[in-house]
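Letters A, B, C and D mark the chains in the order given here, with residues in each chain numbered from 1 onward.
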Amino acid sequence: MRGVCNLDKPYFIQTSEPALEKPIFVLGLPGFGNVGKIAVHLLLKFCGAKPFAELYSPSFPDYVSVNSKGICHMPRYEFYAAPMEKNDFLIMTGDTQPSFDDVVAHYMLCSEILDFLERKRCSFVITIGGAPITEEKAQVYVAATSPRLALEFMEKGAVIYSKGRIVGATGLMLGLARERNLEGICLLGATTGLRADRGAGFSVFKFLMKALGNEVKEGL
Amino acid sequence: MRGVCNLDKPYFIQTSEPALEKPIFVLGLPGFGNVGKIAVHLLLKFCGAKPFAELYSPSFPDYVSVNSKGICHMPRYEFYAAPMEKNDFLIMTGDTQPSFDDVVAHYMLCSEILDFLERKRCSFVITIGGAPITEEKAQVYVAATSPRLALEFMEKGAVIYSKGRIVGATGLMLGLARERNLEGICLLGATTGLRADRGAGFSVFKFLMKALGNEVKEGL
Amino acid sequence: MRGVCNLDKPYFIQTSEPALEKPIFVLGLPGFGNVGKIAVHLLLKFCGAKPFAELYSPSFPDYVSVNSKGICHMPRYEFYAAPMEKNDFLIMTGDTQPSFDDVVAHYMLCSEILDFLERKRCSFVITIGGAPITEEKAQVYVAATSPRLALEFMEKGAVIYSKGRIVGATGLMLGLARERNLEGICLLGATTGLRADRGAGFSVFKFLMKALGNEVKEGL
Amino acid sequence: MRGVCNLDKPYFIQTSEPALEKPIFVLGLPGFGNVGKIAVHLLLKFCGAKPFAELYSPSFPDYVSVNSKGICHMPRYEFYAAPMEKNDFLIMTGDTQPSFDDVVAHYMLCSEILDFLERKRCSFVITIGGAPITEEKAQVYVAATSPRLALEFMEKGAVIYSKGRIVGATGLMLGLARERNLEGICLLGATTGLRADRGAGFSVFKFLMKALGNEVKEGL
């Protein structure tokens, strides 16, 4: 069900209230090599996650997406719930990022999402994206909100992503989370970025599941 | 007659109140191959539609258009009324679209238009544009707010426009209409887009008239 | 003297109150071939006009201009008063136009200027700019707020500027003036636009003076 | 310590209150040849300056910077205090400038900084940047808020920067300072701008220290 909506700021449409206990938030959006979106789609499938909310914003691009049946929908972020044995997940993906031209709007959108996550008692923020490949070997890079966390995930096999920048929502959500005293990490899959990189997306997904103590069968 | 106007948001100047009963809204603006604007101009001529309102906005480009007599006017959307036997039309066209850089302004402008349409008791939204040609054959594509509508217009001869995007007001107006529980379709005429494509515009116009049960003589 | 200023909207600093009776407003800003600015500078010199106000705006570009003595000043519009025998002038020029990216800010800035002009009881708006040359012969083109005015200045030797666009403040000020029931014209000097075109600027200046009944000696 | 922050406007996080007496404000940000940032980093080192405040803004770019240990932080301006014998310094640097697209936001950000400086009783504003090299000889150029100041620094060895523009925060802060009746200068180091120009940065730093009566040993 949909209702009339205000268009001067982002707004949520929540269709159900999932029972999640201190969920880990995982974000993957379109971007470099599409690594974030691919990794999160593998996670959604693995967890059997269920959609429960959508976020619309006037700072999203002014187009509609049309699905395979010819039905249009506005650009949006989608939220999924996945209650799991070891830890619950609250997962966000989408088909867009805000317009590059309006950074103030992007800050405010990420801030609305963090408000939403705090209401859902999220305990940890994980953002996933792609990083330009610099060595032959495929890598998963990690940046974090604290030295302790960076070390912890380095010990689990990631390489410290040092002296770089993480652009778009992937970086902004982690940086703003830190400003609120939330903890979190960003995982970046090394990719040439030339096309959607399913391999890099799977590497990040597998690393994340192993790091969090979930078993993933290779045949996924 | 004109008056002093506020410039911090869009504003309407309505010159008369047309007697329209649950009109169908049809929109065609400048764009790819100019298909939307051409199709709507054919519709205006076919219906003998009468102008009754104009919409100005500070998010339109900062130029004036000058007509053949040297008279300048601000960029604007124009609204026409056409009471017809089978169904009334409320038609919108214009000589511009909002600046590409300010998507928030575009969302708000489309929202103002939808408010206006609801006050006029519009029952259905039709947006018209161009789509890049992908096959030899000229086609009219359709996207819709519901599977039922997409099928209905497919049966009338249009091809489902699947897995694409519809940019600008042509897409945004349909997507935002759907958010308000309004029904509607977008018709896209296949065109190379290299120049104003009168053929594609006419194809969409003819399809629309046939689909709505109006007879069009070929010699228009 | 300067004071602390708000920076969330345009603001005027007026240094004196000139005695002007229903002045004609003339605007010339940097632009195509710099025709507008050159013509207005000739007018300032011809009239012995005196500066009396400045307009600052946060939508001007974020740089300072530095003069020949190394003194910086913010981008601004400058207003000059010229009480003359036949008709008084209120003249505006400047070293910039608002950022191309923020059209809403440009609409609001022009609106503030029109408020200012109405307080000064301006009776007529003249904007000056350049137009791409299309024939061998140098021309002065005219666009107007009414057919009567377009004809009047055509009879005085200008060519109707038909079916074109006039971009930036040169067009916007005239279009918005018309929305307020103010009368006015835009004069465009034909120019290749490759460099500052003093010849085109002088042609427009001379045409304007003759049309308003002022005598200009060739040696200016 | 960090707290929850509003994101609709710039905000300061101040960690201590330095004892500064009518400090001279010195600003150097990333830019042409990185001269400003390099000169200010030499000054920070020379003075043993201590950080005491940070400024965040939603008009900064939407990325996070990651340091060598993998820790992310939001783009920000950093403020340092340096109580010195001859004159105290309040020094600002950062890793970014606001988005080029939103000049209104840049004006407001600079205005917030000037408010902050006035609360700290800053007596003088010095901005440092790079200027394109035009002669063989390396030069330090000066622009100022008054003829007296321009002459004073010319006598100390700088060349008057005449008839140019100073873009970004380097120019805007000086121009807006002048609007508030604050005094100040801009020092520009001549550079090809092709890479970070440590030589030009050092020249400006050395000139500044000499002009203010501080002794700098060559081996810094």
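Convention: a contact is a pair of C-beta atoms (placed from the backbone, for glycine too) under 8 Å apart; a residue touches a chain by one contact, two chains touch by 3 or more.
Predicted model only: the values in this text are computed from it and were never measured.
Among the remaining chains, none touches chain B as well as chain C.
For the pair chain A and chain B, the fraction of shared interface numbers is less than half, so the two copies use mostly different residues to meet. Rotation angle for the C-alpha superposition of chain A on chain D: 90 degrees, rounded in steps of 5.
Separating the centre of chain C from that of chain D, both taken as means of CA atoms, is a distance of 36 Å. Chain centres here are Cα averages; for chain B and chain D they lie 51 Å apart.
Those residues of chain C in touch with two or more other chains are numbered 101-102.
Taken pairwise by the contact criterion, the protein chains form one closed cycle in which every chain touches exactly two others. Pairwise chain contacts present here: A-B, A-D, B-C, C-D [touch as defined]. Interface of chain A with chain B (complex): residues 2-5, 7-8, 56, 58-74, 99, 101-102, 105.
The touching residues of chain C, when paired with chain B in their complex, are 101-104, 106-108, 111, 142-147, 150, 154, 160-169, 171-172, 174-176, 178-181, 186.
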